[in-house]
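Here come two complexes built around subunit A, the first alongside subunit B, the second alongside subunit C.
Our next item is the complex of A and B:
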């Protein structure tokens, strides 16, 4: 046996090295690490393939959008056809770490068709995805971290000291000049490192091996934040394992208790909280809002249709309408749209306000489970949370106002557009929201996770003082 | 029998079991109560909305029939009574469709869009309690059945007493089922009372056969897990190994199989994203003749004598309008058909993979009988689409039959709006649901038989020490 190192920390490191040798020989530990590694590498590769497909699809449509719709440079197109029929596709590029978490990407669309009509501004489409796919969840790195990781932590930690105590070897170790806490600290260090290193290194190593172009700019910062979140989340579970082990039960009992805790915090807790939210704080009904919108806009719709009908009756064929008539028609149409949009806007605003309130209330309940907290943080850092899609909608609606300001006078004038005018029209390039906003959002949840973890570790080590040998 | 009673008593005396059992009953009852509450709330909203929509449609006043087609109609998806037990895909599909001239739309406003992201971690429902939580309890009841006796050295004396291995298996199975019954029966009774209390909004809904079928699915699924638990316990080296193997099987079935199966389905048969879908429709429209060319073509055909010679000049444009609408309808129908067929193929691949994971097959069947799966959603979409054609045919037909054919100064009122019947959707029968998911039913039955045989073989060939 090698000589004991000097000092408290030195002894802990020495014990850790010994524990490392013991664990390396353990079949279960090898299996756990292998499963974890395969799941991490596999999910990262699947995620990268998916993100790459999304990127090339969007790039393809960006290029097509860049091409002018004019057959010859001299030809002209109707303003209505350009501004409304063709419109402009505002596209959202894949999120910075989209390959790690699909998040809400299978729910919200990554493009919005922008037109100069006031009504269209209120409509955003849906992402097209098989409902069964959305319901089944995704096998991405976030899933591996949130669901599998804690289970594997427990698999390597349920027998921290109980087995050695029952075999009597723990007593022998403690006859050396080391304390029980040092022994436990050594064991914990190895267990944390054993899983944390692959959890953090493998996704990024795979990413750089597969697509080096990802190694640019702000991603580093996101990857750092992702890693911090993973560390905080893992620490909570290691802390739980420590506390349970410190109670001095036998190893199988520890395993059962830990499995129960996993079930409670990862499966039952979130799903029960979601049931509570659905029952106690239901989101406002879209169905009722649709009925209200219908009632609110009916008068404007019917009146507008009547005016347009009257106009068409006065001008039975488009041949005898003339430019002035077309202007009149465009104005009538725009006025009807505006009236309907105004009424719709107030219904939508009320709905959104209620929705925000409910979501805010609901989000507070997520502090009940570390998994729910960590999920919010990981998605936000990956850029696939609801926030980024909301920001995209916000940016797109800003762009819609520019687009409308540019084209509406021309549409009302029943004008035609030259290719130069088209080139001068505003275009949309999505700029990411300032990272500080995201950092501010995740600060509290990460602090919360870290706080829980510290509390658990402290309680665990404290409890080990009373450990019965 | 003695074995069964002894095991059941032992389990019952275990404080941990009573805790777990109590918690599970509580969860199931909460899930049923919450499910029924939410279901009846949403069902009421949809019925009220459909009624309000009908009133709005009838009272919209006089207008041109084609303008009425533009005015359109909302169709709200009827909520199935059994979605209280298994909401299935309901949160992930749109709650209403807007039917209008020229354009066909997908159902809009999936509840998942408004939910907080944590909703993606799943919601507690009676179905998830039965298909995810219950098997875990089964695992905890069965993993030590044989392995535990063997570890303690009591298996040999037990067999030495002259009990046949088959009787021992039956006893062990019964010993696990009795405590389970102590959970399932009260939960089922309380749940049944809650469901009965909230009589379904639509009394004609075919609920009894479907509910019975769901119960059979849950029962078969639980039996499969009991069989698997006993088989693994008989073969495993120690009870620890048995527990680890069973937990791994459970985790894979409950959490890994669904996303993996769907991932495979999407990989084998990729469906377009929203932008690709929209662009492919626009691309096709771009190849169509311009409005002027359309009018010119109608004019040419008019001059060639294809139409009645009394047709007024304005009717040339009306004819062009109707023709362009027919083209658009056909295009949308085709594209949506393609998309839905593709979704159906993906769902089929997903279902096929259920052959490897019995929980997947049980989940598919549970959703099908609850009327909340992808096939039922397609059935509803088809009904909405048929209703749309019926509405447009009625309105446009009236326009054609008016004989005046000049659309724009022709208005009609309530009498015509009443000719468009209210939207009525009849849910297919339980038999239809079964036949649409025959594969999963076969798979579940096959698993039940296979696992029973496996358990019998494992016990017959198990080591005693």
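Our next item is the complex of A and C:
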């Protein structure tokens, strides 16, 4: 036993084990761990229930969509009714780790109605709201990790050595053959493990305990990436705590400084960035967007309806319209729809452009706060970041072109379609974006967090060389 | 062996320790007297490598403590005015922690309890939380650490201040036992009586300098007091 502890590392581990005993006896530490555990398990369970609801809703839509709209196999339906009124719902299944982070899930719709005329216009949804401002108020595992975890790290770390120094125990310890760095390393190991183990294990353990199907193969890699991101993020906060403790202030002063840092990086920083983005690239309000969209639609509709009205005046009864007349009517209708779609698209394009600028600026400014960097990574790994929704929209858009190519000639021909033709029409099955794209995106942010963490740990241990006993 | 070789420490323009030299041999009890701020604690802190000397060397067992901080701490033990242990752990658990940290050969609870018994703590007391201990009991655990660790040098910084006469006497007897085992002891104290009783030599420090070194055998109690006061009035 004694021989095992001869080395430098052996002494550190021995000190860590001792620290673990001392901390275990501390009521505040026990409370912190309990709060963290409850928050992690609770948020995972809520997330799983939410993902399950989403899955059920989509399955329901899927079933309804799968039922053929024809009364009998021989009946026929108007092409316009099938292609535009019925359309096709392009659905986005819940993301691989959606139960861990709501992310943009409450901002972007997880289904889009595709018609031969257009995608369902963006402006009719709730999505024109700045994603950063929306993403901060949800109780999910990502929230617990990003906001609560750093606070709890500080709660167990504000008195790393100050209390023992002031009571005199540290002098007793350092009169033994150990260095202050070994003592600090032992203390840090316990504090990191105390919170990191539950932070990584509990959400995954809860998901497997609650629903074994979560063990499906594809998620392991994402779980690993999620864990790496959590480790990198936590290391930054532990590093900050180390640096503050190394300055040799008293424990209450450390607590105050650390609380200030938490406020700065978790609350003030992201809010300031949001404000800056909103000032630099102001987004028109949603109400204004809806008004613009309605005006655009109305204008195009009025113009189209005038032409259609003229047509109907010229052909007061359907009897004398004939197939040619019907085609002409379909063409006029298609022209009107196209105008509406074009106008909507221009409103939407303005918003998208502004949103792109905001996101670009946000990604640059996020380096100012570890919370913002980690948020981007966690959402991307969970599959609830803007990227996945944009990819879904992109895929839906591709599908819309196929749908339109299939139905438009039939609509313009005022044709009716058979059930077989309907079955042969293209359908939408969402295929996930290649994981390597996501991995490439998160590589730099994770490297950045790791770099910050290493720098802080190095600075902290270096500063401890000058610690006054 | 505890050696000071032209040991100096200055804080800015203040010379806290000024060219102090001595050599404390195994079994010797060297009592360091002096007013508050004379430099006694600073000197002890240099031997513990808590403070780096401005010049000169502090040596334990012939090794410079700055060059060999870990090796020298294997040989020394330290008992401050307040032996601050972990209050939530028992006396035995504290002793076990410090002994293992010192990488001492003593490891079993039976051995540790025997050492605690030697210093006057019963097995029952040894298993009580240190938070409930009196100062005298904590000082005894400090001595127990020294014994268990097998230290050859002991540094004490006013260990008897605040102890009642009986506890103070018990403590002195333990020091005599340690000195009999060949431990070199350096004790900073204000207690002239204790210094005369337990010490083999007495050093008087003033403004960072060792102004006088006396052999206790050749001194009466009143002699020491007079010499000490004379230095303080100068």
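Basically, the second predicted complex is superposed on the first by the 396 of 469 C-alpha atoms of A that agree within 3 Å, B and C clash if a C-alpha of one lies under 4 Å from a C-alpha of the other, contacts with A are read in each partner's own complex, and residues count from 1 in each chain.
As a working rule, a residue touches a chain if its C-beta (ideal position, glycine included) is under 8 Å from a C-beta of that chain, and two chains touch if they have at least 3 such contacts.
Nothing here was measured: the structure is a model prediction, and the numbers come from that model.
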First, second, both or neither for A:168, with subunit B first and subunit C second: second
Most subunit A residues touched (candidates subunit B, subunit C): B
Touching partner for A:256 - first (subunit B), second (subunit C), both, neither: first
Touching partner for A:179 - first (subunit B), second (subunit C), both, neither: second
First, second, both or neither for A:11, with subunit B first and subunit C second: second
Partner chain(s) touched by A:54 [first = subunit B, second = subunit C, both, neither]: first
Which superposed partner A:355 touches (first subunit B, second subunit C, both, neither): first
Partner chain in contact with A:143 - subunit B first, subunit C second, else both or neither: first
Residue numbers on subunit A that touch subunit C, as the complex places them: 1-2, 5-6, 11, 14-15, 18, 21-22, 25, 167-169, 171-179, 469
Interfacial residue positions of subunit B with respect to subunit A in the complex: 16, 20, 27, 30-31, 34, 37-38, 41-42, 45-46, 48-49, 52-53, 56, 60-61, 63-64, 67, 70-71, 74, 76, 88-89, 91-96, 106, 108-125, 128, 132-133, 136, 140, 240, 243-244, 247, 251, 255-256, 258-263, 265-266, 271-279, 291, 295, 313-314, 316-317, 339, 343, 346-347, 350, 373-374, 377, 406, 408-409, 411
Touching residues on subunit C, where the partner in the complex is subunit A: 45, 48, 50, 69-71, 73-74, 76-78, 80, 82-86, 88-89, 97-98, 100-105, 107, 155
Complex interface listing, subunit A residues touching subunit B: 28, 46, 54, 57-58, 61, 64, 89, 91, 103-104, 107-111, 113, 125-139, 143, 147-148, 151, 155, 252, 255-256, 259-260, 263, 267-268, 270-279, 282-288, 290-291, 294-295, 298, 301-302, 305-306, 308-309, 312-313, 316-318, 355, 359, 362-363, 366, 371-372, 375-376, 379, 385-386
